[in-house]
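Dropping a structure here in structure tokens format, bear with me for questions.
Just so it is clear, A, B, C and D label the chains in written order, and each chain counts residues from 1 on its own.
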């Protein structure tokens, strides 16, 4: 059986599921709903596996499969930079190594989350609630849109998926519509996304204008022939790159359009896992990778991507340090990790961006689902301050979440180590890399390890701060929730082995080679050559250093939050700068002791202490930085975002005054305005 | 022989008087009369041009403008009567229930 | 100054003055009377331009039909109330200025554009429009302009229906 | 003396519509009161017959009646559009007229006659025909807007539209007069060739163009002549508002396009900039003002202004692609808007109550299908992919980009993005609010189960299907539009 011919089934199946559940779901029993929702997703996953397997059996250069189903938009000819181009858009799918990775992640993780949802949303089922079928219907619609996005073989169809996922995200964030905040959050997400989409649209038009086509294959081939633009200049490719990236910042929650994502946590937790961690938000990364040829020819755009990614990574991580809502911590963490991926893309290491996208999908989905399990166990409690000591009460959740936390912190051999380390290495060594980009990445890694272990300690360790009412209801989640967690945990552990750096056991670059056909073109080959001669030792050293950094973060979290005797003092968070200044002084003395007074100590000890000192200095700095970013974020949220939604409201209010003057309701004021308009028209025509 | 421009200027003046009347008068019927004044000056323009360039179609156009003026008058006055029945007023300033 | 010109000046003066009166009188009946005067003098100018047919139609349709309709409606409504109301609305000063600007623009276009704005007049033996004006118009209406002429009847039908619908008395069966 | 030829075929749809319009009114006295809605079926049959007649037109391309009208695929396309609009409007009005106790026959008669006027506007090749067509349409619309004559708002809508409409018409006529004086003709292609001789000073022509543009801008409601729209749309009866926002507007655009591309291409660099400015103003005013509204009719009125602004973006592209995309968009916009108004009409209560956005609260539970359809229309108007609104906007903005109108397109895209803000409000009210939340205590009969007539259901279903059809398979319509656009250009 030739699976490749049937890739159109991959998006279609979830749509069928959506249709049945959406139309008839009201009358279905829970089992029937599950059957359609899960069955369609599972089949879709199996189709994907089959198709990818078939793809992998081809020669690497032949691993592109285009399937045009029908002509969607024919619009005759249009004058472009390539002469008269026949503007025709196919409804067509493209399977190549890049979309292969994406569909596996989307359908695989998607299926697990579907399974999980049958447990998590079970209480929504009922004749008067009716949320259950609606939920699965939306979820399947999302799967359809997301798969359309990643399988599309042209920009226009990709945009269909792009808007579709935004719409589903809106529907699912606002799923608990009786909560006003949920409705508002959904609206915010949709509107912020639309701003980015305007950029995407414009970029798309510009692409057509420049390359005379919207088909990925044609555009990339033509872009590869274009001369590389000078760094610092803004040519047409740079403009395209930046416009598309604007779209990506909206969808993938990067600065400055990131704020909808934390609010999106109003949705049900499986939605957060699927849409706001594993799949939809990574669409921006996918898109940038998909258009890698354009970016490689526009170094300025790449720098923009890298800087925005890096700054977002550190910015969001620092906000994550002080959040108390378990899902919000994870949300900021997602923003930060997405920043990492863009950082990777921005330095030209697209395959690493996709690699991190994949591992992130595993461990972040797991974290969200684990958090969901915790919330489920605590009857809906989301505040870290009212958790604690859950380690023994929900041990399976604990173990799986710990695995994910180690993965995200970058501890070997968990999956996150390989991808994150590769990003840092590329940021440092690649042709487009800069040492300060690497530094940003390292600091963000430190913060990541810190806030993730803070979350673990606050949730699972110490004594219980759980509401006594809730306390005796605590129970481990049912198996249909736990099994997906365990599968994802396994993936979080082993997922990184597809790409192992050279200094470990000789290395393995299966993932890179798999994606090579997508990202290989003359411009990148030149870049690759430059990287070759970088030393193996430096890579190993940096890797070691980043592990040390991660461990330091964990240690600091331990120092701050693992306190068997007393509950973490919440006031400490606000008094932290003072606290850390003191803390710092104390250790500085010790360093002086180690280095100058007590020279008898061995070097390792000194280094250890030095590290601690430096890190503590970092803590001090980050205390300030956290407060700063928190302030900025607060300000941003208050003035710009609620702005962006409210800026509209504000503008509207401001505009209502002139409007009130103009739209008076009096015929003669209207006539008078018309006369003014006529005067203006005649002036414009005759006298100008 | 009167030059063409004289007729055109006269028409323009009448037209603008119509505009002034429409924008300033408070009585619905006089506003409507101002429109008739404007249409008339358009007709004058047509006839003057027609005479000057020696092409008759302008006069045909005037004929149709008159037809339309008649039709508009019938409908417009009916609307005004309906308004008067509802409001007992012909004051245009009272037509302001809907605004902004 | 030829007789033609004197006649024009007289008619133009009457037209403008009565148009001014139309827009300045408080009583709509007076306005209507002055509008009729304007229409008459414009009809005179039509005659001067050798558009006899239109001059006749102007008098019959405009003065005889439309203006009577106006007067009829004015009589229908309560004049007592109407005549005590203010003449102009509050925006009359700026409206006046705007209209003056408009007039200046028109004047500029007409005077500066002048004859160079027009294609040269058509000349030829068949182009004597001053003779048999009505006959020529009639022929054109029924030959070249037959379709618009027929459709104009539809327009009038629409107008009749509309006028009846809107102005008819409220019946008891109406809501 | 020779009598002229009277070919029937080129005016077949118009003739059929006129006959049926008269028939509807003639049958009125012979129809018993409870059966009056039968007249709407008659009118609808008339529209179907005219559609059939319109198909025959395809075989009769050419100029007729001394160049008064032209039959080409452009005019056939617009006839097709006007007839669809008329058909859907007739069905959508049916239940409303019964509920509001409005005269049926005259309503349908006027609707059909107005459609005749619109068809003449689309097929006109002479300013005089455009003018008469425009007046037939306008006068019918004045009357229809005031059709609930005992209602103060409806009355006010009629007065405002009538006074300002006549005012604008006077300017249009003045423009035509100046154009006639300068070029000796009112025939569109003769104007064009007169301008191409290059022997005349352009001042008079330009003033004429400006004034004609004023007239058309008024009819299609673009800035700064959009000002009447919200008041009139709010006051007119709901189905009339729906019809007005698409029919006369489309006809206005048909004439606007025809006049400017056929008669005045020589001046396109002059009118391009006016269009540019007007477009930006129109979009921005429409979208921002729409956000302020609480009455859904008024909100959609401003939204229709905004859409006219998007259309001007493609207009300013000055290319056949631009024209084709406008034609496509007008069709797409028409079905979306008519569908939306059909939903509003179905949900509102007699006396036009329950038309504020807040009062849509709970529609999602009480009428899931109605709410879903309304959501589809609103999303379509926003321009979400897979709907007609997206493909339409896509074509238009692409045409603009193709003519290198980058800034205009950016402004349009931002506007389009912002429009989501107000299109979401009814959706949120429908799904995310409880019915009682609006603070108004509703009368008990208001919460009675909603009776939606078959005709309304058909309109809504057809519109939903059309929204998706045009979104997914736009090719047929677009190809047709494209081929006719080349003719006009």
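By definition in this document, a contact is a pair of C-beta atoms (placed from the backbone, for glycine too) under 8 Å apart; a residue touches a chain by one contact, two chains touch by 3 or more.
Quick caveat: nothing in here was measured; it's all calculated off a predicted structure.
Each step here moves to a touching chain, and the least such steps from chain B to chain D number 1.
Remark: the per-chain Cα centre closest to the mean position of all protein Cα atoms belongs to D.
Of all chain pairs in this entry, the one linked by the most C-beta contacts is B-C.
Work out the mean CA point of chain A and of chain B, and you get 65 Å between them.
The centroid of the Cα atoms in chain A and the matching centroid in chain C are 70 Å apart.
The geometric centre of chain C is 31 Å away from that of chain D, both derived from CA atoms.
Separating the centre of chain B from that of chain C, both taken as means of CA atoms, is a distance of 6 Å. Residue positions 128, 132, 135, 139, 142-143, 146, 149-150, 158-160, 163, 167, 178, 181, 184, 203, 206-207, 230-231, 289, 292 of chain D are each in touch with at least two other chains.
Residue positions of chain A touching 2 or more other chains, listed in rising order: 656, 659, 663, 665-668, 671-672, 675-676, 678, 682, 686.
Residue positions of chain B with contacts to 2 or more other chains are 15, 18-19, 22-24, 31-32, 48-49, 52-53, 55, 57, 60, 64, 68, 71-72, 75, 79-80, 82, 92-93, 95-100. Under the stated contact rule, the graph of chain-to-chain touches is complete, every pair of chains being in contact.
Considering their complex, residues 666, 668-669, 672, 675-676, 678-679, 682-683, 686-687 of chain A touch chain C.
Every residue of chain D that touches chain A in the complex is listed here, in rising order: 159-160, 163-164, 167-168, 171, 203, 206-207, 209-211, 213-214, 218, 223-225, 227-228, 230-231, 270-271, 273-274, 277, 285, 288-289, 291-292, 321, 324-325, 379, 384-386, 390-391, 394-395, 397-399, 401-402, 406, 409-410, 413-414, 416-418, 420-421, 424, 428, 431-432, 434, 472-475, 478-479, 482. In the complex of the two chains, the chain D residues touching chain B come out as 128, 131-132, 135, 139, 142-143, 146, 149-150, 152-153, 155-160, 162-163, 166-167, 169-170, 173-174, 176-178, 180-181, 184-186, 230-231, 234-235, 289, 292, 298.
For chain C in complex with chain A, the residues that touch the partner chain are 89, 91, 94-95, 98-99, 101-102, 105, 108-109.
Residue ranges on chain C touching chain B, taken from their complex, read 2, 4-5, 8, 12, 15-16, 19-20, 22-23, 25, 28, 31-32, 35, 38-39, 42, 45-46, 48-51, 53-54, 57-58, 61-62, 65-66, 69-70, 73-74, 76-78, 81-82, 85-89, 91-92, 95-96, 98-100, 102-103, 106-107, 110-111, 114-115, 118-119, 121-123, 127, 129, 133, 136-137, 140-141, 144-145, 148, 152, 155-156, 158-160, 162-167, 170.
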